[in-house]
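In the two assemblies presented below, chain A is common to both, partnered first by chain B and then by chain C.
So, the complex of A and B:
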């Protein structure tokens, strides 16, 4: 198993109720697997900010791994390691 | 390019900021020659406008339709209770002229969209994007990139703020970050005035740096902060080669 940290920003933080938490995944897990796990375990309010439809990650969700943005299209190819920090940032436009 | 000289009154007004290293009188003259479009004039855009006016940016173009409402006032530093029910843009302009009569303030009593944004962007050197809807932000972004003008995008939600600087051909644009207009964003959002002011103040300083040509702009990074946790971070962001707006643009 690997252990990583997930940071929730903006509406996802509101939906999840915490700013960050640790998460466990099998060795060799990808970013896509993390999103699937989060959507499956934290309810519809969290899931809707992660997925636009079944299997389709919200195209405008910003995701960073260790401070570098990763395209949602790369989520299936992005391997995660123990100690990684994954930041999930729904778009905001308050002005 | 030669920049306009400062009058004795301007020398006095800006004396303390001209002491800033690398800015000086040259930076002040560059600000005097510069123009900025700000849309809209809410808690964020209004505070950006206030700082740019007091800093001496020569011409400000403010865009925002509609009248001031009582529930705008928790975050409006340019407007007062007596202004409720009046066009907000006029209240803002009046206050800015009081703050600094040496700055030209122009008002546009409409919101920006694809039909008018190109015209207003063409009248300025730099764009500040502070609209509460992505459709407006994306329209400003496309016009700014098309016209090769820098754009500072500042946004907030709850106790969080974010800032991105778009330098067309050199940094990601908003379409690189948001390939689709975000469907879940709601027009009304939780906001403290102090949070809106924070991102606005950072944005204003970014604008001043870009116009005066000093310091290091926020290139290829997104600044994000959360005042609930008192945490600040930058995220490295990259251009999207297939971005329909800037993908083909060279530096």
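So, the complex of A and C:
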């Protein structure tokens, strides 16, 4: 098992109800598998930010692992390790 | 120069910072909290960011702008926290030898900042409700592609 932290920003935090939490996954889990787990366990409000449709990650979802941006396309190849911090962000709306 | 701040943006200091005897033009853009969006009234805006990534993206923006235009000085400041109507949330200042480059660089910087810098705003509507802003729904014209 690996243990990592998931941070939620902006409307993802509102949807999830917490700013961050720890998460457990099997060894060798990928970022895509983390998203699947989160969408499956935290209800529709969170899931809609992560998935546009079944099996289709929201293309506008922004993800960082340990502060480095990871594209949605890379999520199934990105291996996670214990101690990683994964930050999940909605589409940017600043300025 | 890039900065994230929770304090009101000091535009006089920013202008002094980018001015230069080498500059024939200084352009300052301020993004300000607007009251009306369609038929809805804003009471205030709250800005939240992912600071370490936002600072990195602002620095990358400045570097790219400097590679595209003959910028003498550049200042990008984004404010975070609670803002009232009329307050400035973002400032972009550039100085260049000639004005066309200052206008173009300034426009590119704010248009691109709004797409790549991880900052979000939350509307406090006058009716008491709150809503995170979704990009593309703020009534702005789409950015000019370059």
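Criterion: the second predicted complex is superposed on the first by the 92 of 95 C-alpha atoms of A that agree within 3 Å, B and C clash if a C-alpha of one lies under 4 Å from a C-alpha of the other, contacts with A are read in each partner's own complex, and residues count from 1 in each chain.
Just so it is clear, a residue touches a chain if its C-beta (ideal position, glycine included) is under 8 Å from a C-beta of that chain, and two chains touch if they have at least 3 such contacts.
On a predicted model such as this, the values are computed, not experimentally measured, just so you know.
Superposition note: with chain A as the common reference, chain B and chain C are in steric clash. Residue contacts after overlaying the shared chain place A:90 against chain B and chain C alike.
Shared-chain residue A:19: touches chain B; no touch with chain C.
Contact with neither chain B nor chain C is seen for A:56 once the two complexes are overlaid on the shared chain. Once chain A of one complex is fitted onto chain A of the other, the partner contacts of A:69 extend to both chain B and chain C. By the touch criterion defined above, A:11 lies against chain B and chain C together after alignment on the C-alpha atoms of chain A. Contact with chain B, but none with chain C, is seen for A:48 once the two complexes are overlaid on the shared chain.
More residues of chain A lie in contact with B than with the other chain of the pair chain B and chain C.
The clash between chain B and chain C in the overlaid arrangement falls on one stretch of those listed (22-30, 94-102 or 238-246), that is 22-30.
With the contact threshold set out at the top, residues 9-11, 14, 62, 64, 67, 69, 87, 89-95 of chain A are in contact with chain B in one structure and with chain C in the other. Taken together, the chain A residues at the contact with chain B in this complex read 9-11, 13-14, 19, 48-49, 52, 58-60, 62, 64, 67-69, 71, 87, 89-95.
By the touch rule above, chain C contacts chain A in their complex via residues 31, 47-50, 52-53, 78, 89-90, 110, 113-122, 132-135, 138. The touching residues of chain A, counted against chain C in their complex, run 9-11, 14, 62, 64, 67, 69, 87, 89-95. By the touch criterion given at the top, residues 40, 42-45, 130-134, 137, 154-158, 160, 162, 177-185, 189, 191, 196, 222, 224, 226, 228-229, 233-238, 240 of chain B touch chain A in their complex.
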